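Across the two complexes that follow, subunit A remains constant while its partner is subunit B and subsequently subunit C.
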Partner chain A sequence: MKRRDFLKFIGAGGLGAAAGFIFGRTGKPPGAKLMPVLIPDDNITLGLANYYSSLCTQCGAGCGIQARVMDGRVKKIEGNPGHPVSKGKLCALGQAGVQSLYNPDRIKTPLKRRGERGTGDYVEISWDEALKAVTANLAEIEKQKKADKLFLLTSPQRGSLGGLMRGFMAGIGSANIHEYELSRYLNLQYANKVSMGLDGLPYYDIANTRYLLSFGADFSSTWASPVNMSYGYGQMRQGAHRGKLVQVEPRMSLTGANADEWVPARPGSEAILALAIAHAIVEKGWYKGADAGAWRSLLGRYSPKDVQEMTDVSTERIYSIAKEISSNKPSMVIGGDGLASYDNGISGHVAVNILNHLIGANGAIGGVLPNDHDSGKVDFKRGIAPFNQAALSGNASALIVHNANPAFTTPVAAKTGEALRKIPFIVSLTSFMDETSVYADIILPIHTGLEDWGDDTPSPGVGFPVRTIMQPVVTPVYDTKSAGDIFLSVAASLGGKTASSLKAGSFAQYVKDSWQGAYAKDRAMASSALTFEEFWNNLLKKGGWWTDQEPKKRSINVSAQAVSAYLPQGQAKFDGKDTDYPLYLVLYQQHGMRDGRGANLPWLQELADPTTTVVWGSWVDINPKTAASRGIKEGDLVTVESPYGKVTLPAYLYPAIRPDTVGMPIGQGHSAYGRFARSRGANPIEILPFKEDARSGAYALNSTRVRLSSNGKGNMVKIEGSTKELGRGIIRTVSSKG
Partner chain B sequence: MRLFQQPANGNMKTIITLVIIGVVGAVSFVVGYGVNYAFFSDFTPEQPIEFSHKIHAGDNKIPCMYCHIYAERSRVSGVPNVQRCIGCHKIIKTDSPLIQKLTEYWDKKEPIPWVKVYNLPDYVHFTHKRHIKAGLDCKLCHGDVASMDRITQVSSLQMGWCLNCHASRDVANGRDCWTCHK
Partner chain C sequence: MSGVLKTIGERLKAFRVPGYYKKYDHYWTMVVDLDKCNGCAACTVACYAENNIPVVGDDQCAKGRVFNWIRLEKYVEGEYPDVKIRHIPIMCQQCSKAPCETGCPVYATYHNQDGLNVQVYNRCVGTFTCATYCPYDVRRFNWHTYTQEKPLEQQYNPDVTVREMGVMEKCTFCIQRIRAAKDKAKDEGRKVQDGEVKPACVQTCPTGAMIFGDLNDTGSEVYKLASNARTYRLLDDLNTVPSVIYLKKVSGNGGTTHG
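After this line comes the complex of A and B, so read on.
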């Protein structure tokens, strides 16, 4: 060996050893600490998990959950296997409830506004001071006899908390309770009320149907009760009779992607299409009911031939759907956002009810079944438009907001921000600083669902009575309170009628009392246990009250006379002339984000959208043909302009959207709501007109046309490589007709 | 002396030299890492309070599971809760400065930040319960704690060490990867 080589090896050896030594030092875990608990909890064995049954509050579906809790921390949330709604399953939003609980952007103490409204400039105050400020304001209102100027804006409440709120408002003497959420399916509920006399949302027995025609109901992702309906859909596709799904929607959703047939009817013409199918059924004599004659004359003007131009669905296809849906029993039609989101949303749902009547799906197994339980009546007159109107005209002097965020989910044209600015005193009960809470004078941080008591009657239910209980599964992480306790303590300090009507010492007690009331009345409940305490303990173990039942069939009638006033006159209206604004705009809720509530949870931001695979942002869906004719490439920034405003987003070239339509997901584009949500993507709701149907209180999401302009290169992160198989023959298909 | 008899072309020679340098470097890296691990690691870290196992478990013969209450039924044996310490030391030896330090933590309602001595990586699924149920003495892994003033790590906790014991005792599934890595 040469001396030179020898030195080289020595050098290499020395350097290697030194590197190894240094790596060994720096690579060591930092002196791990072993922190003891001060006082042990008898219910906790360190290192062992406890499972608690409770209720998911991430959306309004009302799934029963089981939380796995270890060392006093929630580790995982799953569906409660015994619960009739969730059946042991849970969606991504529900699972991310852990991140709502431990979110770094939770409001940790009560806050008082220091700066201008909307700037989010707050100082921390004590609970004592905060509650005193609220009580003083409400006492002043009582004193001046202006109780009718007090408003309560809350997310829909179907359980004890709702009862407590109504008691509180009644005690003060105000009837102004506005329950608000972007998707309350008001058009659907209104249509069911006027055509079938049903309150609340019905149960769709997807599991037992053999032919399902869905008008834009993305039930496997976001619509109504996605966990329960996805489970039902799984049942429907299994077994001897594999059910068929036909999805009508201008932009293919996750549900549409799973369907056997996708019918991209022209946006706004879906109601007409439904009636054309109904017309075909009656015309061909596939409907055998005694009232066939009445229907024939009522539906005369919707013949498939006459409407094929408007709906862009061929006559043959309409007849073939009509034939299949009449011959494959049980069959069912579901009307989802693809019907409800237009200004003629009520007509659309009435049309679906007619169709369900003609195929015998109303009240049938494998069809639309009413729920036996009472999930609360909807006050259609209390939408967000009357609320804004009252505030803008100075008729609101105080507002209590609870978990509602209309400032994010209403268009700029609705003037919600302006309305909120006009209200002299706003107190917000919330866990996060959302777009509505930034207008509040006092912020009262409340527990998340995993720290609080409560209960719920699911809507849509499952065809038999279900009531779910919510219990705290961990001790509160921050200095927060239960919303129910806040109402109770304010009522107590107000005194008078409010205090005397709400006597419970705590919200936990209030919930228990309301169950004791139910136990005293319900014979099935009473016979399930010897004492109420035993019943209560079983309840907490099981996660709620239900008896194992199968849904029963009912007789429901839709009469031609009752619905004649609600038939659609033509295609839904879209603002903007088609020469200036050539494209329809359709909005949809995104899988994890829903109405925007999921945007502050990093798991959901990271979760690839099921149809586009985009993460951490939003986009605009454009058909490749439409994009090519405008020189737009995938990922380019595109400005979408309506007569009411514009938003700029990267383009996603989506072959499964009509060329005359662009789509945008709802949920991103927050200006507040924490570090993960803020300044990400855009909120397409901003550029909508504000057309609230005065009858149902729902406002139309799909009601404007837009134009596009290219705006340079954008930044869109997605997981998929390409939607094309590039001639590699990966997916081979054979025609079923041979 | 020529290292290689076959006169390789220039490129080949450089490559071979580089490979050998790489191998020598890698071997030395492992040696350096091992030297650091064996001679420069602190297996007897200083604790926030000079707690003596010798006094408790040795002189006073307090059974291990009087304080490490979860060992029999859980993954972890459980570092004793502060209430357990103060339970006795409200009365016993309150004049000692060490006990006063303990009382200070208790009064402030702060946990004592003990330094971890036996540390397993996250990807190892170890449970005390199984090992106690199998009738193993704590000493087998933790050494003669009753004679230690300050706890020292007596076992390597390396995978080979685990497997040797599993093999010698004929543990069911004791060599299955999934027994510990799941």
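After this line comes the complex of A and C, so read on.
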């Protein structure tokens, strides 16, 4: 080795002595308590960094990473420069992935419940005992012929682990797999399915667009694939064709702050606004398609004049947006959480698809491009409502939870806690004691992404096929196992069909085997003479498989007839009479925290929220005028009350929110989840009604009105001083030409 | 530079001449395009990870002691509905005429031969003078010896010192990465190439808003950008001659163009 900065991009093929325990055996290798440097592994040279390609598992975007490993420890995570999703970049949450690995609140050994469910009172047990308990319970269920009532609740799985889980459940004889997380973009996926026949989330070619109209898609911060989309945004904002961004949302998000124009439409009227813009495009003849007539009659009732009152957006503004988006091509419309989070979320996304059709963005470069890869089909019937219903009515004989936390991300009205209490046996496969795991009888601590094998097909994709590989970059920090290995070993002990359907000796092997298909395809494509082992080793070095193509344009049609059943009837519904509850409540994910998963990472707790600069807590956004009329001052504790409950938080006077609306971030207010997360801020989800759309399985976050009462002085820590430049010319601007 | 400058006075005088650093091999410069930056703060977290920056907790944050070497500053203009919120990432500006350097009684902060404003931790006696003189509020003081809860410290970057109570610190332009690149280039008998040094913030910046390089290298990206019509330096009327160059944000109006 020459210099300490010598970068080695080595795959597991080069792992040498370490491979023994990284590959097959789980649990600690012999001698793991020794300083690893006493007998260095072949791949460890003191002071030399190795870089391993893998996958970020901090959110569902699927960014390719490279972990910098020195002396057997992860020092830093960077984006994998060759990876089409991350392009060498990472977001704040991704950067903090290493704090998930070395988190002091990781579950270190298997646990068995001692106290009441929900109290988090557990005793440590051995892996042997834990796995026996799980097997015994599942065997008992099989014996009682209740195996079809076994439920599996997991974070969405797009790779081998998902396949393994499906095999396991099929073997046992249960169809009850519920993939769950707060942001699954179900309304968006449902709308794309019914209006364009697309599965998965498409690629939004922001880099090449010249006019981007976003309905509440906070892609700079939390939405869909923030790194990839921010990269595209940076590309868009350069050169002779600098693209314009217009953001529609009642509370200005970080993306809204970056926008050239902010349109604070009335909450719940965004779908109508989108169709009014569509109406204007057709009316003015800016849409030249042969089906213009069909659209004219379908959109007749959404004339800008008729909806300006409901949307609170003037007719002039609607026409001007319609004109700009029609004359600055390629242009594109994106619908984000701000659009999807209402009870008419499907309509909102269908409206966006119509708009994209009229401006020619569907399938176009600089527009919305479908993926050529299969990132799995969504079973829209398996939301959290049917799961809770089954559990509440005693129709769940046992539950396996894997990295899913509905107890934190569903309203009290959903009765998730009650449902969990009713299930006779719960085993949780998790790295952290979260709000759902506290109901489990047995806790099986699993590896984090940096210690485990896996793979992923990103969604949103990038417009051409990509599959990312995840490999262990260090030996496990604690006595944890791979979730895949747990399923395999339980299947083997159960015997019968479950065992015979899952034959792999280890999850590492299972993952590797699952790449045989890709290998065959690659050979055919590249007519290369690589052996599978060579292919596999290249894969591990590179971080996955992709073909370095540019996305290609496609033809996608949205027909007036297909979408007519999904048009919005009016403004979305909000519970609570406006006389009792005068303000709309809108929720959004807190930067870095996302759906709450980032709250146990100290770097993210101490990271100032970009819109409010608040650290270590949460807040309620109130327009200064609204606050003044109620005598509320910044930092005052304010109780926000809906017909379903109340939460109390300090007030942040935010000038960029509608005066008839209050906002609260999702992410804080944990009752479990470790020392950094627990008892900070409040969880606004608690006070929502539970309205899950039976078609898509998505539940509406923005669906209630609230009232405020002041409650004395609070304790809000924010970083900002004065927010005024006071003539110092700190952020200078130049106006654009043309 | 000809001859040896014997006294500190002589050196200071020489080093106060604007442009003196042009005589050296490198003039490390950061360009931040405010039209691209979307305020995502990935840079802040990357900097924590790279530079062993302590997390201090809410009590300390409330006292204004947060340690972010690079922060997103937020400015608000106008009233609803015509509100503008703008962000700017601010780190040590590595001023060529650095006010902080003039005050330090022990020369713990001085200018090095690469045009960097460096901080010698084991020379610092914690008088806080530099932080008071810095107009950009980028210096951070270790009021305590901040420790991380085990095993978080296993992540610490061995290339960077862990600081203790009483020491001042700030953005170093990731000097450890600069050193590594210079060492490697020296071993290979060549010059450091453009793009070879990427500070942690630059490396992770998803929008590509940050560009780093050597202003002395006329072929470099930063050299090209330095003549962009949108350049300005922060609080430039103070004549601190920062090594950070900002590119103005464009207030777009549809169908826009800029260089």
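FYI, the second predicted complex is superposed on the first by the 675 of 738 C-alpha atoms of A that agree within 3 Å, B and C clash if a C-alpha of one lies under 4 Å from a C-alpha of the other, contacts with A are read in each partner's own complex, and residues count from 1 in each chain.
Following the convention adopted for this analysis, a contact is a pair of C-beta atoms (placed from the backbone, for glycine too) under 8 Å apart; a residue touches a chain by one contact, two chains touch by 3 or more.
Keep in mind the model is a prediction, meaning the values are calculated, not measured.
Asks: A:Tyr231 contacts which: subunit B (first), subunit C (second), both, neither?
Replies: second
Asks: Taking the superposition as given, does A:Thr45 touch the first partner, subunit B, the second, subunit C, both, or neither?
Replies: Only subunit B; A:Thr45 stays clear of subunit C.
Asks: Between subunit B and subunit C, which makes contact with more of the residues in subunit A?
Replies: C
Asks: Could you tell me if A:Gln95 is touching subunit B, subunit C, both of them or neither one (first, second, both, neither)?
Replies: After superposition on chain A, A:Gln95 lies in contact with subunit C alone.
Asks: Which partner does A:Pro655 contact after superposing on A: first (subunit B), second (subunit C), both, neither?
Replies: Second partner only.
Asks: Show me the subunit A residues, by the header's touch rule, that subunit B contacts in one structure and subunit C contacts in the other.
Replies: Touching subunit B in the first complex and subunit C in the second, residues 2, 5, 47 of subunit A appear in both lists.
Asks: Along subunit C, where are the residues that touch subunit A in the complex?
Replies: 33-36, 38-42, 44-46, 48-50, 55-58, 61-62, 66, 68, 71-81, 83-88, 148-158, 180-181, 183-184, 187, 200, 203-209, 229-230, 232, 234-235, 246, 248-258
Asks: In their complex, what parts of subunit A are in touch with subunit C?
Replies: 2-6, 47, 70-71, 73-79, 88-92, 94-96, 98-99, 101-104, 210-211, 220-221, 226-227, 230-231, 233-235, 237-242, 244-245, 252, 254-258, 260, 262, 264, 324, 327-328, 477, 591-592, 602-608, 610-611, 613, 615-617, 623, 625, 655-659, 675, 715, 717, 719-720, 723-725, 728-738
Asks: Which of the residues in subunit B end up touching subunit A in this complex?
Replies: Those in contact with subunit A are residues 1, 3, 17, 20-22, 24-37, 40-41, 45, 69-70, 73-76, 78-84, 106, 109-116, 119, 127.
Asks: Once bound in the complex, which stretches of subunit A touch subunit B?
Replies: 1-2, 5, 8-9, 12-25, 28-29, 31-40, 45-48
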